[in-house]
Structures are given as structure tokens and as C-alpha cells.
Amino acid sequence: MYGSGEFNIDAGRDHRTGVPEVVIAEGKTDEQLRDISLEFIERTGKVIISRLKGDRKDVLITALSERFPDLRIQYEALPGFLSAKRRDCPERRNGGRVAIITAGTSDIPAAMEAELISRESGCETLSFHDVGVAGLHRLFGPLKKIREWGADVLIVAAGREGALPTLVSGLVNIPVIGLPVSTGYGLHGKGEAALFAMLQSCSPIAVVNIDAGFVAGAVASRMASRCSGSRE
Amino acid sequence: MYGSGEFNIDAGRDHRTGVPEVVIAEGKTDEQLRDISLEFIERTGKVIISRLKGDRKDVLITALSERFPDLRIQYEALPGFLSAKRRDCPERRNGGRVAIITAGTSDIPAAMEAELISRESGCETLSFHDVGVAGLHRLFGPLKKIREWGADVLIVAAGREGALPTLVSGLVNIPVIGLPVSTGYGLHGKGEAALFAMLQSCSPIAVVNIDAGFVAGAVASRMASRCSGSRE
Amino acid sequence: MYGSGEFNIDAGRDHRTGVPEVVIAEGKTDEQLRDISLEFIERTGKVIISRLKGDRKDVLITALSERFPDLRIQYEALPGFLSAKRRDCPERRNGGRVAIITAGTSDIPAAMEAELISRESGCETLSFHDVGVAGLHRLFGPLKKIREWGADVLIVAAGREGALPTLVSGLVNIPVIGLPVSTGYGLHGKGEAALFAMLQSCSPIAVVNIDAGFVAGAVASRMASRCSGSRE
Amino acid sequence: MYGSGEFNIDAGRDHRTGVPEVVIAEGKTDEQLRDISLEFIERTGKVIISRLKGDRKDVLITALSERFPDLRIQYEALPGFLSAKRRDCPERRNGGRVAIITAGTSDIPAAMEAELISRESGCETLSFHDVGVAGLHRLFGPLKKIREWGADVLIVAAGREGALPTLVSGLVNIPVIGLPVSTGYGLHGKGEAALFAMLQSCSPIAVVNIDAGFVAGAVASRMASRCSGSRE
Amino acid sequence: MYGSGEFNIDAGRDHRTGVPEVVIAEGKTDEQLRDISLEFIERTGKVIISRLKGDRKDVLITALSERFPDLRIQYEALPGFLSAKRRDCPERRNGGRVAIITAGTSDIPAAMEAELISRESGCETLSFHDVGVAGLHRLFGPLKKIREWGADVLIVAAGREGALPTLVSGLVNIPVIGLPVSTGYGLHGKGEAALFAMLQSCSPIAVVNIDAGFVAGAVASRMASRCSGSRE
Amino acid sequence: MYGSGEFNIDAGRDHRTGVPEVVIAEGKTDEQLRDISLEFIERTGKVIISRLKGDRKDVLITALSERFPDLRIQYEALPGFLSAKRRDCPERRNGGRVAIITAGTSDIPAAMEAELISRESGCETLSFHDVGVAGLHRLFGPLKKIREWGADVLIVAAGREGALPTLVSGLVNIPVIGLPVSTGYGLHGKGEAALFAMLQSCSPIAVVNIDAGFVAGAVASRMASRCSGSRE
Amino acid sequence: MYGSGEFNIDAGRDHRTGVPEVVIAEGKTDEQLRDISLEFIERTGKVIISRLKGDRKDVLITALSERFPDLRIQYEALPGFLSAKRRDCPERRNGGRVAIITAGTSDIPAAMEAELISRESGCETLSFHDVGVAGLHRLFGPLKKIREWGADVLIVAAGREGALPTLVSGLVNIPVIGLPVSTGYGLHGKGEAALFAMLQSCSPIAVVNIDAGFVAGAVASRMASRCSGSRE
Amino acid sequence: MYGSGEFNIDAGRDHRTGVPEVVIAEGKTDEQLRDISLEFIERTGKVIISRLKGDRKDVLITALSERFPDLRIQYEALPGFLSAKRRDCPERRNGGRVAIITAGTSDIPAAMEAELISRESGCETLSFHDVGVAGLHRLFGPLKKIREWGADVLIVAAGREGALPTLVSGLVNIPVIGLPVSTGYGLHGKGEAALFAMLQSCSPIAVVNIDAGFVAGAVASRMASRCSGSRE
């Protein structure tokens, strides 16, 4: 009933909005995921999939490779992020610069999702991990490097109390996007406390949903692309 | 005990972060507000105050004018936004372009706060109001003009179900900041539903807290300043 | 202690309310489910079961078929919807027309539950899937066909930010039922954000609970049956 | 800045969706309310306003009457519902039948809002009040009359535990819309408990937001108009 | 470290409060459960355990039987309720009468827990299941029998919208205890909606926590014991 | 439209359920309150009203006294509880004994509402106030007196952390009804924390909604009446 | 009924727990407040009252002064904190040292409540205000002074995102008590976000309820008294 | 990409704050956990890990022992707490005294985590388990012993309604830290009710997050170390 080719995909989104459409694996059956992926490759030359974990990845890669033997496939295990492109699918490059900081080790998967979609949108990225708020001295070095690199926008990922983006935004004049992560425990410990705190931040930050690395990366890419566009 | 001149204000924030500090009138006594304001003017040549309503405004203006007879004072009643500057306080201009759209009439105060802080940060602004989601045809004209104007970033304010930023972000390649507004009623009707929806948006948007016009404007200004800096 | 035939089923509900009773498999043991099902078939000639997944389906079908060898059994895997009818159980047909739209692939199971119960109640159905809000252009074609078909009522299923029913209801004069779906992640990401947004919708929609495909279909069927009754 | 005639009103909504647009007085200043109202009357011959309480009503009526001396104005104090129409504005009549039941006295304002918008949309209405769930015997008489009258749809308003719509829907084959009302106290006592209960109802009902009399009436009117359209 | 005999059990609670202490299996390791059980049997001649599911039951029974070969063990699988008594442990009988009604099949486990603890406290019980609120006619028979039996107190278990206790309490003069059950789905669908509705009930009911069959039974037993004590 | 005599009051509830109906003043207009009150007096010889504060009380008493010059009116200011009875309205006496304990001074209004409705239902009452949990020694005296008095049921009112009912129920074999009160501040400080804690109580208590003195008193009265009935 | 001298006050708490009992004015009538205060002075020589605002203060002071002409009365307006002592009531001094830091001006009232109760418990205090997290440089000076002063415990008051206690606790080895304050707006903006963040803090802090200056001061005093006791 | 030695660990935290850093196993992959642990041992001579359960423990111990054959490893299964120290890593001893009480058996794992971190910070500990609030008599013995031992601070762990810390704090002058535990069921039954109640406690307690044994122990250690430091 929901066979290959019948999906109503939005193949023009990439062109229209500057960020490629990403298929979320969660909530779809293996069959749906395969058919949507094939449709995307057929019509746009590539497909990008997020939150693809465990065996499902292997099943999917096998199916895609059978139909398109020339696919270049890249997969990052921590965020479960897969991109599959035909040989002739052009690499995108726009010169935008997206910097990313994480507060702790557990924030890396969400941050990597942001980083990967930023690159897929054509931006350059620079990441620093484990720059926690419980030991402030670890923060200043990375911030200095980020300024020198000339970041157009700065994504700061943090779980628990989510204080890091607030701190960072008080120290720089680069726009900051807060990415709350579902680490923590107890009351509102699945990233909610971090999200609430970022929304209440004393220093100005824009926020995305918990673990929404894709959204952080997509918004950051639009910003950075715009800046780099002006640079040219 | 908390007399004039004793406040520990952050006079360098403007220079450090690119956005002037804004004093929130709510939660402060009249005396505190007056003393903080005088301190800011003394040290930076200006003070900007948000959420200043009713009689408190008149009391404050009188007190400030007595001490500083050369103040230029501007006040917008809907958001309760006041700026007071000494004659020699330089106007800031950086060429950044911040566009603003509201879904309905009730969203205007929050949107104006965003607009005013954008201007105080040196950006140009372009606003369209009442572009509701219940009648889609009203949206396309403003979007066209915003594109032609060359907006660097787009703030979309909406209450109720908060669908407008989602729609807009699916149609443009400009970074979109969703500004949820505390209109609505019933379950999560003080802007929470709008905020939740924006966080779950299918198209990428960064979000600020409910009625956080200041934050939306501050983040947007940093972005736009950055782009315009690249333009030069 | 709770043997076959002892269940206090409401065999007259179908006749009284125009919609067949549906047994929810969740929260019942296999024994309870079997005994209730047998009781229904015994007394009404059929049984309809929702949210029946995995092995439980096979166990149940075997048990029912043994007792009633003439059963016609239909099963849809995505929503886990099973109907089992004796040969002489009359097909119901009332001419009501229920249209269904989904925002994304993940919304299909809930939408199918609504569709199947509509058909069981005697209505005709027309469905369009994947008509997302992030790419508006995909919406207009289906809406046009639904109008031409003469839908009596329109069910719109959406997860994430749940904006689609709001959009649709602003464009048609058909009554719209919003069906929030438990897709999404992060804050209120199990369909709550979609539900809250639909309750706050700027354009008038009636709402059912998250994933409540049965309820959406049952209410829609009552409406459509009523309209078609008037048509005759 | 936001002067008369500049509002971006959706004058075609009535024609497009079958239900007149209603201006919510809450969240608008007196000036905004007046200007929007004048704009509506100018372009459509009428304006309908909800949640208009106290002095604001008198201020508005005076302003409207000055500009349009031929206005027919109707005002119901309990819901704060005002309609103002020019003499030549045609009365609408479509033969749809909307029945309304309230559980208690405190539910009447929301129910009246639903009733009034139903009439403005061209439907006939029949209301029964105070049919509480704590004394079941009071329910059966009204239900019998509603059936005999031939209601196309039934709005059931209830606060506190919100059980009445569930009961009613188990006894009829008319589509039921549950209208939760902000009566009650303590935990989730502003209508939330009623709303939650209606969403979980064992018998099928569609639901609107707390105190959303307008939405209940608007959806009901679309349904009833459709049925009556089929009757002709 | 936490060996047998070291637990600080409250062996006198039964005598002091009229209701035997019940050990909740959840949240304890197998070792803790065994040691506490042995301690109870040692000091009071019996142990009663709730929420004991799956293999844990068999492990425990084996361990207890080894140490006390004369144990009489009773186990009900649906609620996971086990009582183990030495031969010489006196049966309690006080003549109190506790009636129990469930709205649906899924409510039976919680209701059985209430029933079993009532019996362990010395009361007689009378239960009716599946007396749903969606088909009122099923309710009147059981209520009549309960009145004739002379119930001292009435426990009404319901999930989903939890309307049944409200209905029942409006029809009788027996004290009613509402027992919300974790059936349902979507918003507040783990019994919360039922609990909230019972707390808001128009007719007077006292409430216990979701699935708190033990508490409902314990409070009911105290009441009924008191009444029957007066009868003697 | 909603004139005197038209209310659909449930005059038989007192007889049917053993507890008189109580009209809640909140959420009704002065006119509605007056008309409902007159209707009750007309048909049952009395009316009982709760949550009647300030001037509304005087307005109502004047109106009732004019129509029924022989009314005996009693009013308690703290809970805002009024009873008005015609001379020939018989006093009810059933010998049930309801004891009431409050944790602090702020809990007295809710406790008094429970006490007054218990008396109106024919029970005797015994109250002890300010028996806080922060100083345990204050508790033992009152508990001893309550036991000696022979209380059939015990209502324990507490705000803040609501620990008192838990303590009490561990020390007696009388059924305990927890009455959470809306004292406190900060997170869940309007009585919610007390309610949640009572629902989780380690010792068995039945609970009513926050500030629901009426419900506590009504359920307690049914229990006590039952016990005293058995005593005769 | 609740006359002077009848209150069941806990006059020995001060001696038993090391912290004087504080009467919360909120939730008590003027008469209750007066009678409790008189009772405390009568039996302990003093009374301490918190959250006493506006006219209520003057009414109370007048009543207390009439009965006890020798009272020394101190009142701090920001937190509404009053202490009234007879001449012969001994001053307490124990050498404990409680330091207090606030993030912003709006946090001062709660912090002052903590400071005042610390002094009433016999400790010395040292406060620094307006040490916000958006400008880190303001923090280091106060921390240095606090270390040099030899603080036994450190209370950190913060609203909004509540990040300051987390930062501070990562920089010192003094125990830190987080005091969340009800400043902020939008989602969880009444101090909840600050509380949640402090509970999730990466660096160890103990937390009290929102605006619970009394609790913070009382716990801190116990700690500091203990340390200073060891110093002697 | 995230190999051994690349983690940005805060090796100086122990020295700076008086409490060793603890690595939370949850939310990290086995590889990350191993590399961080090795890094810690390399640089500080030890690593402490919490919430390490099941097979992960064995995998980790094997890896650590291979690299550092001289490790002394201690593991407590209930809290999943592991410490691994090189032979030459000095034992810390500071003479602080931390007492710990649990309400029930299920609270032991969180309490043990607090106890173990207290010891790792150099304090002595004294624990009493199962001192429930439903049988008050069990409390007085342990409290007496704790006073005699000279505890500097008292951690009270409780789930369900969380009343025990409130009771204890009203009876002693030792500072009390409430540790809510995720036992319970139904509404807010994962420790939230206990946390909320502790925050609202009538007697002063400082609180940590649910199951935050580490935080309770760390704050208590800082306090006790300070007191013992003064003792010397």
C-alpha cells in the first residue's frame, strides 16, 4: 500500500531553504525508511538520515547499495547519522563557519549531529568538547580559538543545568544557539532543566529543542551561509 | 542600604557582546530602577529599560531628567520600552537587517520590543503585522518584500498555536527566530503551546522564551551585524 | 475466575451509537482478549480490535478461528487493527464521506486506525499522506481533490508541532478533526506539543487525544453518517 | 503607527470557511479593538467580538455607533459577546441544528458563546442547562427532546471532572463535541481536569480547548450546515 | 551487609492500625525481599507481598518454603499478590463489608489488590467488573445488589476518564473510594486523567493514588471494620 | 433568560446520598446565586452555600430574608460558609463522630468547611488545630482525646509538605482522610505538594482535592453515619 | 473561637533546633497574626515574622506595642521581615559565618530574608549583590573576600536560569546552598527554571525552595553554628 | 576521534573543591568510560565512577587492571559505585562526621552512594536504614545514637511522600540534607512527590535532586570537613 515511489517527498527543500532535508529514522518502519531513501536518491542524488541506530543501519545500507552501486556512504555511530550520495552529487561548500562547544562527554552525539548537518549544508566547522561549567578554566582556551577562527555562529551543547551557553554568550559577540541535551537525572533530568534554563538565560541565546542537533545545525548553517555570502 | 552608585552594573557588556544591556523594570522597586538608571547614564551615556508601564515611567523620567537635563528620551507604550541618552551619546549604525513578522495584533508588543532592541544595536528593521496563519494568502506579500529588502534574519512572533514561524521557515533560506507570545487561553494558553510547537517545528527555527522580545532582538542583531560586517 | 462468557460486554453499543465497539488489546491479558472477542462474535457476529501487535495477533486469530471456522479476518499491521466477522454478518454502508490527511509518514498508523473504523462504521474514505507543513505546495492538490470528492468531514493527523490542521481549517468550510500523533522528541515530544497547538488553533478544529485514531474515526463517522442520511 | 484602516484583517474568512471571523477583545488595546471593528464593518458590513467585558463594551459601542449610525447591536453579558451589523447586512439561515447541554450553572457563559456563534453562522440552536452528572435523572429528559428535535450535532459543556460528555456520547448516535469549562478548584481545577478527562473519554467525543465556546460553536456549525445542506 | 534478621520491620503495624503491613516487591532486590519476608514470618507468622511478578515469585516461594515447610501460600497472578502464613496464624474475620466495582477489564488487577487486602484485613468482599460508563445500563444491576448486600463502603476502580466513581457516588449514600487505574493513552493517559477527574468530582468521593489498590483496600477495611464493630 | 425558578436543581440529593447539596458561590453571578438559593429554600426548606465571601454574603442574605422572613441564617467567615433554614426545617442528628486535625493556622478555613458540612449532615465533630509536624510532641495529646471520644473517621488537614496525615495514619486504626490545603510557596506551593505527598503516603489515607473541605466532610459524614447507624 | 492564647505554638523550637521559629504572615488573618505574635512574645520574649507587607505591618506593630511597651522592633521592607523583642530578650551570638551572594537586584529580598534569619540565629553575615553570570568578571572579587573572611557556608541567590550557584560551587570548597528566586518570565519563569537548574547542577549544591530565604538562612545557620562551635 | 588521553578532564577539582570528581557511567559509551577512567588514573592516581551497572562494570575493571596492575578496586553493587586507586594514592581522612538515615529498604542504594562519596572525601559515616515514617517509634533510637556520635550533618533519604527529613529536622539542631529517592508509583511517583514535599518542608532542610546520592554526600562532606577542620 505504501510502496516505493509513492512517498510525497519534498525534493526541493534543499534548494528552497539552503539546508538539505533530513529523514528521521525513528517512527518509520524499515520498509518506509528504505522507500523514502530510494526516492530521495532517485530525485536528488542523495539522502541524509538521522537517528539511525543498530541493525537498522545495516539493513538500510544493503538495500540502498543494491539499487545504487555507486553510492558514497558515510555513517557516524554516536549520533546515528548517515549520508548516502551518488558519485555525481556535487559537494557543497559556502565558506560559512560554525563553531560548536559541548559541556560534557554525554553531549557529543547531539553536537555531532549539529556538526554533520552544518557540513552537509556547506559550512566549515570547529568543535571543542568537554568544556564543562564546573571548571571554568577549561572554557577560555576554546573561546579564544573560536574567535580567532572567525566563527559566524556558535552552537553550545549542554545537559544537566545547561549553564554553559549562558556563560559563553556573556563573553562573546557571536550569535549563540543553545542546544540542550538529554543528560541528567531526577526532576526534569531528560534535558528539560537545561532547556528551561537556556530559555531563561540572562545573556541572549536562541534555543532549539532537546537533542535537536539537526535544528541547531540547520539554523546555524543558514546564518553562517548568509555571512559568508556577504563576505564574497 | 542600596543607595545610588552602589549597583554593580555591567557597563562593558555593550562593547563586549554587541548588544546594549537592557534593565528589566519588573521585579525592581522604583528606587532601585532610578539608581541603576542613573548609574548607567553616568557611566555609559545611556540607559535602556524594558517592561516599564504606567506611572512608573513618569516617575522615572522625571527623576532622570532632573539629574541629566540634556537627555533625549524615547518611549514606546505597547512594549513599555524606554531609551534615554545624553546628547553626546553616539548613534549606532551597522547595516544589519532584521525583519519581523507578527501573526496577530496581540503579538505586536513583543515584536516591537525585538524591533527596538535591534535598532538600539545598530540594525535596520522592517516589520509586517497581522500575517495570520488562518488566512495564508496574507503571508506571501510580506515574505516577498522581506526577501527583496535583503533581510539577514527573520523574527516571527506568534501566540496561540504558534504555527507561523514553521510555515515561514519552510519557504525561505533566511535564518528564522521564533518568538512565542503569551496570547491564547485554556491549556498552556499563556504562550506555552506556541513555544512547545516552535520547539517541535518541522522546519528549522531557533526559539526564544515567551514574550522574550529582547532576546529575539539581541540574537538577531548579533547575526545581522555579523552579516553586514562581512558585507563591508 | 474470569472465564469465557463472563464478560459484561456492551453488545448494543453499535446499534445505539452508530459506531461499533472496539476492544483495545493493550492492558488486557491474552486470555481476557480471547474471551471478550469470543463473546462479541457470539452475540454480535463480529469483533473489532485495535492496538494488537506482534505475536498476540497470531495467538488470537488461531483461537478465534478454531471456535468460528467461518470467520472473515482482516488485519492491518501498521495500526494493529483486526476485524473478524462471521460470514453472515452484514456489511454496513451509509454513504458518509470521511477524508483523511497526514502530515508525515509517521502519522500513518494513527490515521489508518481512523480510516478503518470509519469504514467499519459504513463510511467511504479518501486518504492523502505526507502532506507536510514544511513544504506548503504539497497541500493544495489533495485539498482540491477532497473538496471535489464531497467530503463530509476531514481528519488531519500531525505530530511534531501539529500545524497542519490549523492550516487546513483556514482553507475549507468542511469540519476538521485534528488528530495529534506521538511523533517528535524532546519537550512534549510524544504528541503533546501537537495536541496543545491544535487546542490553541487560530482556525476552528475539534481535537481528539494523541494517537486516538479510533476516536477521530468514530466522531467523523457519526458526522458523515448524519450528513449522508440527510442526503438520501 | 497602528492607525485605523491599517489592520490586515481577513475579510473573506466568513465566505471561505462558513463561519464569521470573531475578534477576541482580550489582548488588544481599546484603540486596536475599535480600529479593527471599524475596518470589519467597513468591509463586511458587520463585526463580531467575544470576551468583551465591563466598560470596554460601552466605549466600543459608542465609537462604532458614531461612525455607523445604522448599526444593530446585540450584546450578551455572560459571555461578553457582541455583534454589530449594518441594516443591510443579510441575516444568515442554513437550517443546521446545534444542540447544547451544560452540566452546571457555571458552564453557561462558555455554552452561550458556542450558541451565539452557531446562530451567527446560520444554525438553529436548542439549549438545556444544569443537567449535572451528580444526579443522572436530570439528563434523560433533555436528551429525549434533543433527539426529537433532530439535532445534527451536540455540544456538551462541563467543568470540574467533565464526565457529562462521556455519558451523553454513550447514549446517542449524534456527534458530540466536549467543551471543557474553567470551573473547579485545586489540582488542574481551571478546566484542565475536565479537558483531560474528555480526551480520555471511553465513548467517542471530539474536544475543544477550555472555555473555547467559539471553537465548539464554529466546528458544530460547519457540521450542521453540511448536514442541512444535504437535507435540501 | 543487609543480611537476614537485620531489617527494621514494623511488626506491630497490623495490631496498631488494623491493616497488615504489605511489602512492595518493586524496588527491592530478591535478597532484600527474601530476608524481609523471612523476618516477617518469624515475628508475625505471616507475610503479605504486592506487585510480585514473573520469576521473582517462584524464587521467593522456594526460599520461604524451605525455611517454613508449613506455610500456606496464596498467589493471585493479575495483581501479583502473595500471602504466606504459618498454619497456626489465625484467620481474621470482622464482618466488615467492602464492595468493589470496576469500569473495565483493565481495571481488574488494581481492584483485585484492593479486594485481597480487604480480605486479609478481615472483611467480606463483593465485586462486579466491567460496569463501564459508556453503557450506563450495565451499572444499575450491580448497584442494586451492593445496596441489598449492605456494603459499608464502595471502592470504584476506573481508568481513562475515570467518570464511574462520580456517577456511582451520586446514586448511593455509601462512602465511595475512587481508585484510578493506569489505563488509557496519550495526554495524562497513565491514570492521571482519571485521578484528576476523581479529585474534581461533582459528587463526593475520597481518592487514592493511581493503581493504589492496597491503599484503597486498607482505608476501606478500616471503615468497614469500624462499622461492623458497631454492629456487634 | 435565566430567571428565578428556572434552575434545574437536584433537590433530592440530600435524601438520596445522605449529604445535603452545597452551592459553590464562586463562578456564579449574584443573580444566579440568589435564584438558586431561593429555589432550594422553596423546595427543600434550606440552602447551604460555600466560598461566599465579602459583600456577596450581605447582598444574598438581604435577598433571602426579604422573601423568607423566618430564615435562621448561620455564617462562618473564615471558610465563607452559609446555611439558611426555614424555622420548620428539621435539625438532623445521626450520632456519627467526625474528628478533625489541622497542621497549622492557615489550614483552619478548609478544616472548618469540612466540620460544618459534617454537622449539616447530622454528625458530631471534634477539632484540634495547629498540631504541626515540625514539633511532634503537640500531636500525641489530641490523638489520645480523639481515640477516647470514639471518632468514626479522622480528617487531617495540612498544607506545605502535607506530612501530618501520614504520621497520624501510622498511629491509629481509624480511617484517615487527608485534606491538602493551599498553603506554601514556590514549586507546587498551592497545596499540590501536600496533595502529591498524601497520594504517596506510606500509611494508608484516602485523599480529597486541595481545599476540598466540603468533599472531606461529605465523605467523612457518610462513613460516620454508617457506623453510627450500626451502633443503634 | 480562635482567641488570643489559644494557639498551639511551638515555643521550644528555638532551643530544640537552634533556629528561632518564624511566623509566616501570608495565609493568616490579621487577628490570627496578632494573637500568635502576642503568644510568642509572652512565652519566649520575642516574635519573628516574615512576608509581612504593606498596612498589615503597621496594624501589627500598633497592636504589639500596646501590649508590650518595651518592645524593640526591627523591620526590613524589601523582604517584609519583622522582629520584635522585649528589652530583656538576650541577643544571640555564636560566631558562625554565613556569606551570601545574589545574581541580580531582584534577588535581594529573598537573600535578605536569609541574611536576617542567619543573624537572628546568632551568626555573622557578609553579602555581595548583583554578581551576575552574564558578566563573569564581577564574580571573582567577592569570592576572594568571602574566602578571606572565612565563611563557613555560602548562600547563592539567583533567578532566571539560576546558573550562579553552579559556577560558584565549582570554584570553592565551602558548602553552597542554592536559593532560587522568582524572577524571570515565560516558561517556568517564576523561579522554577532556576530551581530545576540548581537541582541538576554539575557542581554540588544543596537547594531550597523558590524564595525560601528563611530555609536557606536556617540551614546555613545550623551549619555555621556547628562549625563555630567546633572552633571554640 | 575520541581516543584515550584526549578527554578534557578536570583533574584539579578534588583539590579545588574538597570533593573528588565522580564520573557518571550513564550516558557514556564503554569506550568513553574507559578512556576517561584511564586519563583520571594517569593524572590523579584514582578514578571514582557512579551508576555503573551489570556487565559494564566487568568490562571496565578488566580494561583498567590491564593498564594498571596495581589498582585497588572497590565496588558496591546496590548503587553501582566503583573506586579504583593506585597503591600509592593516599587515603584521605579529615575527621568530619556524616550521618545517614533511610526511610525504607528501597532508599538504600541512593543513601549508599552518599555514604561512599562522603568516605572518599575523607569523612566518617554512620548509617541507619528502614527508619520509616509509618511507625514513628523506630526513629527515636537512631536519632539518639546520631546525636551521641556527634554528627556534623545528617542526610535523610526517603521516597514515597518524603516526610522523614521534615520529622527529623524538627527534632535536632544538626543541619539536615533531604535526599529524595525514586520509589513510589502513580502520580509523581518517581521521587518527585518526595522532592516537592522536602522543598515545602515545615522544618528547615536543604534538598538535592532525586537519587542524587553523590550530591548529598558531596555537600555533606564539605560541611563536615569544615566543622572537623575547626575542631582541630
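Quick notes on this structure:
Each chain carries a letter (A, B, C, D, E, F, G and H) given by its place in the written order, and its residues are counted from 1.
Criterion: a residue touches a chain if its C-beta (ideal position, glycine included) is under 8 Å from a C-beta of that chain, and two chains touch if they have at least 3 such contacts.
For clarity, every value in this text was computed on a predicted model and none was experimentally measured.
Touch-path distance (fewest steps) from chain B to chain E is 2. Counted by C-beta pairs in contact, the busier of G-H and B-D is G-H. When the CA atoms of chain D are superposed on those of chain H, the rotation angle is 180 degrees to the nearest 5. Centres computed as Cα averages put chain D at a distance of 36 Å from chain F. Look at where the CA atoms of chain C average out and do the same for chain H: the two points lie 50 Å apart. Here the CA centre of chain C is 28 Å from the CA centre of chain D.
Residue numbers of chain E whose C-beta contacts span two or more other chains: 13, 16, 132, 134-135, 169-171, 186-187, 189, 192, 195, 199-201, 203, 209, 212. Under the touch rule stated earlier, the contacting chain pairs are A-B, A-C, A-G, A-H, B-C, B-D, B-G, C-D, C-E, D-E, D-F, E-F, E-H, F-G, F-H, G-H.
Touching chain H in their complex are the following residues of chain F: 103-104, 132-136, 160-163, 166-167, 169-171, 184, 186-189, 192-194, 196-203.
Contacts from chain A toward chain B in the complex involve residues 13, 16-19, 152-153, 169-177, 195, 199-201, 203-209, 212, 214-216, 218-219, 222-223, 225-231.
Of all residues in chain F, only 78, 105-106, 108, 128-132, 134-135, 138, 159, 183, 185-187, 189 touch chain G in the complex they form. Interface of chain G with chain F (complex): residues 2, 7-10, 12-13, 16, 26-29, 32, 36, 180, 182, 191-192, 195, 209-212.
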